[in-house]
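Chains here go by letter, A, B and C, matching the order in which they are written, and residues are numbered from 1 within each.
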Amino acid sequence: MNITNEQIKNMYETMLKIRKFESRAKDLFAEGKIPGFVHLYIGEEAVATGACANLNNDDYITSTHRGHGHIIAKGGNLDNMMAELFGKETGYCKGKGGSMHIADATKGILGANGIVGAGHNIAVGAGLAAQYKKTGQVCVCFFGDASTNQSTFHEALNLASVWKLPVVFVCENNGYGISVSQERHQAITDVSVRATAYNIPGITVDGNDVFAVYEAVGEAVARARKGQGPTLIECKTYRHRGHFEGDMTVYRTKEELEAWLKKDPIPRIEKYILENNIMTEEEIKEENAKVENMVKEAEKFADESNVPTLESALEDVYTDIVEEGRVR
Amino acid sequence: MKKMTYAEGIREGMSQRMRENSDVLLFGEDVGKFGGCFGVSAGMWEEFGDMRVRDTPISEGVIIGAAVGSAACGLRPIAELMFVDFLTVGMDQLVNQAAKMRYMFGGKIALPMVVRLPAGGGISAAAQHSQSLESWVTHVPGLKVVYPSNAQDAYGLMLTAIDDDNPVVFLENKVLYSVKSEVEDKVEPIPFGKASVTKEGTDVTIITYGRQVLDSLKAAEALAKDGINAEIVDLRSLFPLDKETIFKSLEKTHKVVLVNEEAKRGAFTGEIASIIAEEYFYELDAPIKRVGALNTPVPFALNLENYVLPNNQDIVAAVKSLF
Amino acid sequence: MISIGIIANPASGKDIRRLVSHATVIDNNEKINIVERIILGAQALGVGRVYMMPDSFNMGYRVEEKLNTCDELRCEINVIDMYRYDGIEDTLAAAEQMEKLNVGCIVVLGGDGTNRAVAKVVKNTPLISISTGTNNAYPVMMEGTIAGMAAAATANGSFDESFYIERDKRIEIYKNGVLEDIALIDAVISKETFVGSKAIWDMDSIDKIFVSRCHPASIGFSAIVGSRKIILPKDDYGACVDINNNNSKVFAAVAAGVVAPVSVSEPIILNLDDEYKYTTSFRGTIALDGEREIQFSEKQEFVFKVTRHGPRRINVKRALETAQNNGFFKTKNDSLI
């Protein structure tokens, strides 16, 4: 599969954006600036980046509770994202969604989702719309290993297969459903084998290798656009942080984390870039500084934005009805 | 004017919009060549073809989920579940996805979708195929809920439901499907949030919807013989709710009986009762009365089902208790 | 006690070839079934201990539990106690350990990649290679019970091995004079610029193929060369060809279900230990037995060499023939028959 140096640089930038955005979100959560829950994507950057590198602006994605990476990879704007995490009116959802519900219809982002497994079915709907309107769009549905135990996974793969919908199911197998390891939550090690039950191709790739993901999703996207139906791609990966910030990860060993840190996708792409003279050390440093600055700007934007007006809580429940407020 | 069954009203509403707008499509279990479990979509597969009238697997989650996803991506889907009872299987998609997506996403997405749910007892279908669950869906901000009682309303409300940019829960009564009533030659969309006064009266207001509109009419006939002139308000739309028509009627009658088919505990009639008590208490000359099903699952045997579900006699008794 | 080793790779059989071709899907439960049959075949003919590689699917323990549940386990299953990386490292470590433990043979369940890893570390222990991976060039499809019986016959150690064990060739790839990696059957120079999902399915990206053996009845790159010339395992040479160089085309089974015309030059014979120098003129990768492994940039020098340093391979059919000739299948107490 062809890939230009420009594409590789873009992938690297996307991975850095995710890593640095998430790392900053971790600190900001610890400082109390981000309320609620945050589920960080650190360690899994290659999956979203490699997958979304195959998509056009009008292609769709559905995401999960661990959605920041997907949104950044699909072109989400860091300013609006950070503002949403802060609960500000300039946030993607005007402060009404928060970390787990960021969406951007103009970029085909059908939303992060707080319900494990909910995205599968929505992706089927998006695929149905694309197929029905013959637009050539595809939908990439991101989800974790544990969500494949939900009925939605099975309903969605079945219907997508029966209707040959242009959906690429991308499983981020990070080995855990919250604290329960894969061997304790399903009697298989490779989610990809579940594809057999729905008569669609199912493959497993190294989810920490951005090129492996890019290539596999690229083939699946091409297949979907040709009307040949859905594909299940399992990306083996690992989250460096806990399920959410504040999770002490008592359920996993230090050795396991260390083994995975050695497979960190970002040093891997950096090594490739240097070995192939795509960028110099100096340029890599500059790129890092540039992305750090973007995150800083996003934080500044979020910090300086206003909190939403109370009236806005009553809007957007419906397109045409504003709910009643209260006097305090 | 012409006569049409309630099922035909629903079908004509769907078909009219499908002829006018290629973004509208219907999917659900057996809605295709089979024509739907209750024959509501009979003939539509022949007219619109496989792509637009689609049989789905028995997968309620993905039926509603596919409606959510396709609505978010520019279609105007109509999803049919075979029975409202099966909503439990697809509840997450309706409650956590359809109802909340627009709000959670800061208004950046619209979900023009209709979920059709055949409801109610009276056909010896027992407890998993006979429920009335409108309180579950009216409770959820983000959903609109309508429940027609006759062919004309079914037709007109369906047009509006398809036109609406929000998720609409379209409740249909199984007993009413075969009931014929007058339909205008050209049916206009019926705006949501507009109740209709089925029968004018002066002594008591019976607020109801769906199948109980017919029961209430029967009850009103009996009451008339005893000199009680009942007014019947058919809500048609449960959310948005037409408080104005309710209050206007109360100003005239000062007495109210609320009737529906849900198990009475936690029923939607309780919500109407509380609205009246909070906002119109001083217009009342008597306690608010509610008629509903008994607080049991719906039983199978004819005599038991008849006993558990409300009927016109229960309405008569409730009204009389106010005089 | 007579012992054998079993290395069953939990990761084989799930790579991108299921998407880009029509490759076989074998899930881990089926691998467990195969392992059970190997063990049942082996224990019936005297194997007392079976060493297994630990893996993420816990195949060793699952097999033990299943055979104990139906009260059929007569030998000892010993899952090697080692740190698990859930990667190719496990295969390397387990194979090395098994050779140290002096197992009579190692049964390998996996694809070309798994066998290549075993071949890298095992010096003398003979192998039985069962294909559970992508339609492979090195391992072959076979019944586990028979494989287990052949393993027992081999581990028994009392027959003339020259009847049924051959040392295979391999292709050695050197970079700057250092052995970088090996291939058992084929090494391919590809214009694909990254390792990625490993397999190669775009024939246009191939520049050159080296083979240690080739045959039109195989799958993959050796089939391409095999469509021009047949080189058998016993032949003391390999070959290399240029691809996509305006040469005439041949049909070959380049992947499962994919028979495609490929432009192939006349094979150049590489005698054992001949050095073939190759200087890269583009950024690309070298695929070993069908999987991209070595990534290179321009102007790098590699040396390719076909040698007879491959693993010792058991010919299962001939092993059982030898065993039969030596009365191996006779039960100890004839009166029971």
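We take it that contacts are C-beta pairs under 8 Å (C-beta built on N, C-alpha and C of every residue); 3 or more make two chains touch, one makes a residue touch a chain.
By chain, with names taken from UniProt: B = Alpha-ketoacid dehydrogenase subunit beta; C = NAD(+)/NADH kinase.
Here the structure is a predicted model, which is why all the values come from computation and not from measurement.
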So which chain ends up in the middle if you average the CA atoms? A
Of all chains, the one whose CA centroid lies most distant from that of subunit B is C
Of all chain pairs, the one with the most contacts is A-B
With chain centres defined as C-alpha means, what is the inter-centre distance between subunit B and subunit C in Å? 66
When centres are defined as mean Cα positions, the distance from subunit A to subunit B in whole Å is 39
Computed distance of Cα centres, subunit C from subunit A, in Å: 37
Please set out, as single numbers or ranges, the residues of subunit B touching at least two other chains. none
Touching subunit C in the complex: which residues of subunit A? 1, 3, 183, 188-190, 192-193, 196, 201-206, 209, 211-212, 214-216, 219-220, 223, 231, 233-234, 255, 259, 272, 275-277
Quick one: which bits of subunit C touch subunit A in the complex? Just the residue numbers, please. 10-11, 14-20, 25, 27-28, 56-58, 83, 85, 192-198, 202, 283, 295, 297
How about subunit B: which of its residues touch subunit A in the complex? 25, 51, 54, 56-57, 59, 61-62, 64-75, 77, 89, 92-93, 96-97, 101-110, 141-142, 144, 165-166, 240
Touching residues on subunit A, where the partner in the complex is subunit B: 60, 62, 91-97, 101-106, 110-111, 113-115, 118, 120-130, 132-133, 139, 151-152, 155-156, 158-159, 162-163, 315-321, 323
